[in-house]
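You will see two complexes here that share chain A, one where it goes with chain B and one where it goes with chain C.
For the complex of A and B:
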């Protein structure tokens, strides 16, 4: 069908019969996927060992487009399925693509407990501050005062700070970047792949269709400019007061601290009780 | 050489904003979706940083390292 040959460096990882993607023009999910693939390329891992898991939402369509083992599960339960996958076969590199509604609202419980267990997963949370797929309702991470279909006078709630939530629950690697920082994001994903434990990477992304249009940021360019102007690195943010940080997005690496990992402990326990190594079923 | 796939481009123009050397501009050429495609009009200024490849949400851009 395509007579024009696409030589983009990331296109070889995609299921090309599904392209072009369903995402709106200027959606941040594509940028996150590019950064993820660049970060993955810079590690020495085998592409066949990668398994992507997702729940429901715009961001959860990603595993359907990438040519590796993928699992599209029920709403908010991606982390439960991923935990099962990782414990069943610890050789897999399990990555969970999730949105802000999927991770913080419907699957909030699973998020904190996966972080508490410190299971060796990577969670990439594409936070676009709105429920994009269902028509632009307020999500748990919508900033105070932002407009949406369910908040015509502006949101009155204080948003969730996912970084603080996951840090408090005990994740061993936590970082936050925006779609205006693709290189830092890919480096952060590389660190997450090398980290043994629960890694949480939050990507503040744009939804020009539902968030931007209602909040005076009509084009994807306006949203990317807003990210560039309103981000403060963590090192600088530590020296600023709360009033100065109002409305700013703090980016950077928040936690990088190793501790006991869940799937390894399960293996040790099995060996101790049965004196046999646990059976691993792998397709490769 | 810079190639833009007309079938994949959705016309978000992030490439125009993100390029540090202002290589891209909106052209007269349009694709099937009636979107005016961006074009590398100042291609001689390109420093091959590959940022546009990374920031294109629809995997439509390819930047060749060698100059012809």
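For the complex of A and C:
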């Protein structure tokens, strides 16, 4: 890492005294975090206004490594903490890092209600179709038939389509990319930062350690190759039949539509009642 | 000038919250606490605060912890079933030292129980409900006036020690209407901000009272807050020493400041052979019982517990009497704490009433006469 050419250009945003990370080699979280920071850098937002919130799981460890105000909460509940933080101080740029289990299983109710409120924050959902932190159990996005420690004969559950879920619930910006699309992902994160409302960015990611090894995708490269070969852009997907789309990962922007935002409406109500802006940090 | 009002307990609680500086409420409707939310939905926007009806109690407590880190005094209100759902993040608030106030207007339990009737079945849940070692602060009002006063006190203690404070009210105190005096000036504890510059600040290094100043998100301190065991910098740690030091410090915040936190009221105890102990709405019955008994020449006094947790051990151990009757609206919870504290120095008896009625003073007196 002393070689200047190989130095991560985003290292300045890290709590360097906490490195190395706990992530396994080949994990997709690194690519996601780089794309996130690249996307953030391309906005004109102040890094000091960034607040990262997370729940429990591998992806939820991200905020602990970034040098900003960070809140690592309980399993599934990150969005409720983020809701209080954002309403309490709408000047903060709040981003929630979560995974498929944290967001769609234990935190599913908070996910749909945050989307319904269209509260101005970003959810980066790193979907690796497995519970990595606990050692490889099926998640609500594990493909039917996939193998996991709690599905030794293949998963019999039908996976959630997170894009459909948050779209139906009312999210105003929705996109999905994979770790094989880092540039598209960072552009999407920039768009999400500029969206005044609930933005959901799904990152289909690899867990070579617990998902790949059991499911004939033994290396990170094999997994990323699979993403590359199996992704279809949304525009093209719209012209294909369900049979043609079987087993494919549809990527792209699904929703980008402004509507009333939650924390702003609360501020407006206060203004209507008091003719003053709400006082920030009034506990002091 | 002091204001005189005739209001409901739940209203007094919401007024106390506004008075204490609460500017954020998140909750979920549940009988018999709902009036607190309804009241704050009206009053918070008028004082520049925010009200959110959340999707459930799991998220209600999450939202108030988030809002507390945004720099606002925050509160939620619930009853037994919702209090059960809040347990996981009560633990988070202890571990992350987040000041919040949780009001539990207790009802008949277990399970859905008696939503519209009173009960005191959650006393031990407030003590032990979340997993692990922690020392909660819980206070219990027995009148509408106290529901106002104790809500203010709850916020002050929560901010001072950076711990969640639980107000253990009950349906009778919540729904009863009484005369309340609202002073024109109340003593309010303001949250303490860090005094170092951001690069030297250790967010979890304790000051003299065991806690540390609390920065708000966005202040530039770039703090990391986690429910994981952490060191003084806030970073996760798997060191046995870090865990031991942290959890001992957190529990000691409450235990070592007992004198500042604990409050009881004693009446007629000096010459008493018999002492009645109670908290919350049944206090009203025991005061009457003591009057009746004294008229009959029975030497009896009472001790009213205001601070349930930390338990007023010293105050109860000091009682010099032959018999103690603990009157509570459950089948025996605080009575075991009293037994633990008085050891064999007095006979401890339980008068436990469930079903939603307050015990009648005459019935209490009859039971005392039967047993002593």
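In this section, the second predicted complex is superposed on the first by the 274 of 284 C-alpha atoms of A that agree within 3 Å, B and C clash if a C-alpha of one lies under 4 Å from a C-alpha of the other, contacts with A are read in each partner's own complex, and residues count from 1 in each chain.
Rule of thumb we're sticking to: contacts are C-beta pairs under 8 Å (C-beta built on N, C-alpha and C of every residue); 3 or more make two chains touch, one makes a residue touch a chain.
A quick note: this is a predicted structure, and the numbers were derived from the prediction, not measured.
Looking at the shared chain after the overlay, A:188 reaches neither chain B nor chain C. Shared-chain residue A:178: touches no atom of chain B or chain C.
Residue contacts after overlaying the shared chain place A:19 against chain B, while chain C stays out of touching range. Residue by residue along chain A, chain B and chain C are tallied for touches, and C comes out ahead. Using the contact criterion defined above for the overlaid structures, shared-chain residue A:27 touches chain B, although it does not reach chain C.
Shared contact residues on chain A (touching chain B in one structure, chain C in the other): none found. Residue ranges on chain B touching chain A, taken from their complex, read 3, 5-8, 10-14, 16-18, 50-51, 53-62. For chain A in complex with chain B, the touching residues are 2, 4, 6-11, 14, 19-21, 23-31, 34-35, 38, 179, 182-183, 186, 208, 219-221, 224-225. Residue ranges on chain C touching chain A, taken from their complex, read 21, 23-24, 26, 45-52, 54-56, 58-74, 88-89, 92, 99, 159, 190-193, 216-218, 220-228, 235-236. Listing the residues of chain A that touch chain C in their complex gives 15, 17-18, 48-49, 51, 53, 63-64, 67-74, 76-77, 79-89, 91-92, 109-110, 113, 266, 269-270, 272-274, 276-284.
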